[in-house]
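Okay, so chain A shows up in both of these, paired with chain B first and chain C after.
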Partner chain A sequence: MRLSFPYMGPTIVYAKLFELLGHDVVMPPKPNKEIIDLGVKYSPEFACFPFKVITGIYLKLMDKNLDALVTSGGHGPCRAGYYGEVHKKILQDLGYDVEIIVIDSPRDDYKYFYEIVKRLKGDSSWLKVAKVIKTVYELTRAMDQIEKKIEILRAYNDQGTINRIWIKAQEEFHQIQTTAEVKEIKNKYLNKLSEFEGSIPAENERLKIGIIGEIYVVLEKSINNQVEEKVNQFGFEVERSQYLADWIRENAFPFIGKDLEEIEKKGEEFIEIEIGGHAQGNIGHAIDFKQKGFDGIIHLKPFGCLPELVSQSVMDDLSEKYEIPVLSITIDEQTADANVLTRVEAFLDMIREKKYREVM
Partner chain B sequence: MNNLYLGVDIGSVSINIVAIDEENELIFKLYTRNSGNPIELVKEGLTKFKEEIELDDYKISGVGVTGSGRQLIAYVLGADTVKNEITAHARASTYYHPEAGTIFEIGGQDSKLIIVEDGIAVDFAMNTVCAAGTGSFLDHQAERLGVPIEEFGELALEADRDVRIAGRCTVFAESDMISKQQYGFTKPEIINGLSEALVRNYMNNLVRNRVLKGEYIFQGGVAANIGIKAAFEEEIGAEVIVPEHHGVMGAIGIAMLAKRDVKRSGQESSFRGFDLTKQEFETTSFECEDCANNCEVIKVIADGKIIAITGDRCGKWTASLIGDSAVPAESSSEKEENMAAKTSAAPNEDFNKKAEELEVDLYKIDPEKEQQVMRELEELEEKEEELEDSDSDEKEDSVYV
Partner chain C sequence: MKKTKIGIPRALLYYYYFPFWLKLFDELSLEPVISDNTSRKLLDKGVKKSLSEICVPIKVIIGHVLNLDQKDVDYIFLPRFHSIRKGVVFCPKIIGLPDMIKHSLPGLEAEIIADQIDSKSDDIAQISNHQQLAEIFSIPKKEMKKALTKASNFWQRYRNLLYQGYLINDFSRLEDLEGLEKLISKFENEKKIPQSQRKEIVTPGNEEVVDIAVIGYGYNVSDQYLNMDILNKLKEMGVRIHTFSMVAAEIIEKELSKLRKPMFWEFTNKLYGAAEHYLKNDQIDGVIHLTAFGCGPDSMLGQILEIDAKEYDKAFMTLRIDEQTGESHIITRIEAFIDLLRLKKENN
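Moving on to the complex of A and B:
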């Protein structure tokens, strides 16, 4: 099948998954001003921001002669659950006939998941599928591991140098075919980054920010105003609540260990029930960040996102109880870069001054 | 020769330039309206500075720039410190009023709330999607009513009756205002109503459920408006202090921060000198298409010579400007890369292990779950095969629709 998918985070992983299964993969365009404008124009006004961006990406892909678009569903009351259907309708209304295949979490419905996988696997044998998933999983893990290093080292080194290494690593990962190659490239880049290890100061001088929020705006830098790089720029390390592995775990890989579940469970203190999206899990991560000694939380929330609106409303209580500063940033097509920069900078200044005083 | 520190605040509505000495005494102060060409206005401001100050007696030892237009002007001036306006305002405010607990700052297009404890900012809020409750809102209404903005505040105090005006949206406020005029409310009453609407908006959007503590400081351009000051005092039921130099507090704050930074680093100021008032500045931008990031790269040019390049995430263009010093760095990293490629066969296990030990392994596979899922998938497949054997037509139907 000739297919494509929404752009989110390092897209290599999804591309690899389908490519290794023998599909003809069309790389989706990275969200930019034009795509966002297109998406905003053809989406319902009240839809959340990620929906609009994805609409734009789909529309941009329409002249590529695709058989299908593969996307993930949501679970719980989050609106992501009907993205697929609404997108299909929008595309149909505009006269495009393309199938949208929604991968729902295997945890919700094995039978349905099985049908989807069966379709996507095409002529590959089940053994091959198992192998592909294993390779892609290793790839995700390798990329996450490198990105986590990048997010630390970028705080203490020239941003351009570190960014270049990351760009190169992604290019090389794009070429892999086997698990062995993944390991080789991973080690090569971890080695390369280890040369910068010396720049990391003593533990008590390190300042760390945890980024939490809706998965799309947390993972996709082109729409979140590169908030990670902005934080790094001021000498703060960053860690996110979400990495690519989360997407893989939810959508393709149902047998992950319990550690993450335990972190996410901590969120029950503030949001008792699962309200969709990653709201509860995010709160859990915020508490976990505090327990790991982080200095502040930046909470990214797409405009119109219901679960994150709920988590924003409990942030005040969380911030007070756990004594950790929280900055909530709403992201939509109107967000100006200068505005985000001002907020982030003032927030980080505040944390630095506070820490400085505590040491004195 | 005495040291002077320049502070420049490039706001959306005004451009302020101040100079302070070692004792933080204000030596020069200039508040001008930003008519849309910040570089020209800064040049004019510096020319005025040259006329007023005996340059022979002083030395510019540090320059700080703040405000929403800070990046560009920082390159033009060769600033030592470039910081956001929230930090700058808090700094100046806590210097003049060490007991400050709450700072209300209302500027041209944004309003801020800063909570201070023992002289340092501990919390802040800033208006987001909307400019209701800022100076521009008042500006607009003043124009509509034909009242000069300078007289706006005093008029508000002459009001006899209260009138409630919708203050969320500038345009709707206007229609509400017109309808209230028809009811026979006087100009002062309407202006008073607008002032209250602005403060109400500020309270709803920024203060929200925060508990405010004294002293209350009110600064920014709008602090000149005694009507708003009165409305704030009524809302919180306490005295609100307007600092003497309320309009230029951001510039004073950034000058202080520049002084601190220069002293800490012990280096000479990178100020480009007063000759810059005679230079021609120009900015151009282009979209770099070398990778998927498509960065918007900005070049700042002074008299035909590029003085700054910014916006590229990989640092390639920025490095090209530094020229000679960047070349060896580039080639050495290239060499490292080759070496790393050669040594990649012998991975640095130690380093890898450390990274994994540091955190919980989120990637661990739960064997029980794996078995369970595999079992269920196998069962499904078996069923599917049985179906396939018994009737091949039926299989077509069971394919996902």
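Moving on to the complex of A and C:
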């Protein structure tokens, strides 16, 4: 089948998955102003921002002669699980006749899941499918491992140099065919990055920011105003609550269980039960970051995001109890880059000053 | 002995369940205190204590919680509505409401009772849904069960009247059990017909009666301050009003079963099923989607209904309310909508 999918974080991983299964993959366009404007225009006003971005991406893909768009499903309680159904409706209403294949968890509707897997599997044997899944999963983990290093090293080195290494790594990962190749490339780049390790200062001089929030805006740099790079730019290391592996686990292979459960459970202190999205888990990560000695938290959320509004509502209390500063940033089509930069800068200044005073 | 006072916020699920709670507390010899009707002052307080981008119904309930705290109640009753149907949950903000209240209103003096509601149907009378309540007041299981059964039966009578075509607003101004019991018996016994079912309705200029389905959550449709009393305004214009709570559960069920995948939110699904039913119904002249600023689930529902209304060729309007919506603006819009429908009707 000729396929595409929403541009979200791990685009390469998706592409690889379908390519290895023998499909003709059309790479989705990276979100930019034009795509966002298009998406905003054809989405409901109060749809979440990720929804609007995806609308824009789908519309941009409409002249590519696709057989289908493949996207993730889910059973709520958040809206993301229903994106696919509403996108179908919007595209149909605009006169586009393209199939949207929603990967729902087999727990929700086993038959439907099975049908879809059968179609996506194409002519590949089940053994092959298992291999592909393994390769893709390894790929994700490898990329996560490298990205975590990048997020530290970028704080102490020339951003351009480090970014170029990251881009090259991604390009090479894009070419892989087997799990062995994944390993090879991973080691190659870990080695390369280790040359920079000398730049990391003594433990008590390192400044660290944890980024938590709604998964799409946490993962997708092209819509979160490159928050990570901004933080790195001021000499702070970054770690996120979510990485590609989390995304893949939830959205492409919903049958793979959760890890991180222990961390996420810490969130129960503030949000007692799962309310949808990653609200409870994010709160857990915030507490965990504090316990690991991080200096501050940046909380990213799309405008009007249901679960993250709940987490934001408990954040002041958390910040006070755990004595960790939190900056919440709302992301939508109106978020201005300069504004984000100013707020991040002021926040980091405050943290640096506080740390300095404590040391003195 | 002085009875313990339990505050119930007049917001969100109150409108759907208040007869249940009034009866339950009465049976348990607890004194319920209902917060005041929503007002400018009450809402402003809620707005001040909430995140600006949160939907207005949450701001409203925060205002009501603060209002109760000023009334010196000992407890605030704020069940955590999680699910009243297998596989379907409430909006994340409703599920997380007790967390928001506990952690964003540090000055609150009353203790929060937040039993988690998990039920297989709209009837929430299971004892497991009331454990914290039973514990706090040391209510023996048997007594609790008995009280819950009575509360459930009483609530069913209310719910049945809603199915028959009464509006939540026909009851919701009453907050004493005795008055409510009388009213319910009266409606049950007399052969008067609810407004939505009446053939003869007087219109100001003897124009044609118009039938409108107002699709919105109980708390938006029934909070007369928040929605600028839109139902009464429509009635004055000679409109017969239909709402989701009048549509039989089986009909809603049937509509939902046509979807490959229903939505995940309880009342959003109810609104969907009811709206689809009204969109197809020839007796209905138009559908108004009454929604709150910043409502997430409604952004999905609204889009679906808008497209479906086009398909069924049914007049459709979205009315969005927030803490600042001007009354004149709303009136102008509904007047224009009604005029249009009348014109259409007369031309036919």
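Following the convention adopted for this analysis, the second predicted complex is superposed on the first by the 337 of 360 C-alpha atoms of A that agree within 3 Å, B and C clash if a C-alpha of one lies under 4 Å from a C-alpha of the other, contacts with A are read in each partner's own complex, and residues count from 1 in each chain.
The rule is simple: a residue touches a chain if its C-beta (ideal position, glycine included) is under 8 Å from a C-beta of that chain, and two chains touch if they have at least 3 such contacts.
If you're wondering where the values come from, they're calculated on a predicted model, not measured in any experiment.
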item	value
Clash or fit (per the criteria above) of chain B with chain C on chain A	fit
Contacts of A:316 with chain B and chain C, given as first, second, both or neither	both
Chain B versus chain C as contact partner of A:341, first or second or both or neither	first
Touching partner for A:233 - first (chain B), second (chain C), both, neither	neither
Which of chain B and chain C A:114 touches, first, second, both or neither	first
First (chain B), second (chain C), both or neither touched by A:160	first
Chain B versus chain C as contact partner of A:330, first or second or both or neither	both
First, second, both or neither for A:260, with chain B first and chain C second	first
In the superposition, chain B vs chain C on chain A residues touched	B
Which of chain B and chain C A:245 touches, first, second, both or neither	first
Distance of closest approach, chain C and chain B, by C-alpha atoms in Å	5
Common interface residues of chain A - those touching chain B in one complex and chain C in the other	112, 316, 330
Residue ranges of chain B touching chain A (in the complex, touch as defined)	68, 83-87, 118, 120-124, 126, 128-129, 209, 291-294, 312-316, 318-319, 333, 336-337, 340-341, 343-345, 347-348, 351-352, 355, 360-367, 369-370, 372-373, 376-377, 380-381, 384, 398-400
Complex interface listing, chain C residues touching chain A	50-51, 53-55, 80, 82, 87, 89-93, 95-96, 98-100, 102-104, 106, 116, 259-261, 263-265, 293-300, 302-304, 307, 310
List of chain A residues in touch with chain B within their complex	30, 32, 106, 110-112, 114-116, 118-119, 126, 137, 141, 144-145, 148-149, 158-161, 163-164, 167, 183-184, 187-188, 190-192, 194-195, 197, 222, 226, 229, 245, 254-260, 263, 316, 325, 330, 334, 338-339, 341-343, 345-347, 349-350, 353-354, 357
Residues on chain A engaged by chain C in the complex (per definition of touch)	43-48, 73, 75-79, 81-82, 85-86, 89-90, 92-93, 102, 104, 108-109, 112, 270-273, 275-277, 279, 303-307, 309-310, 312-314, 316-318, 330
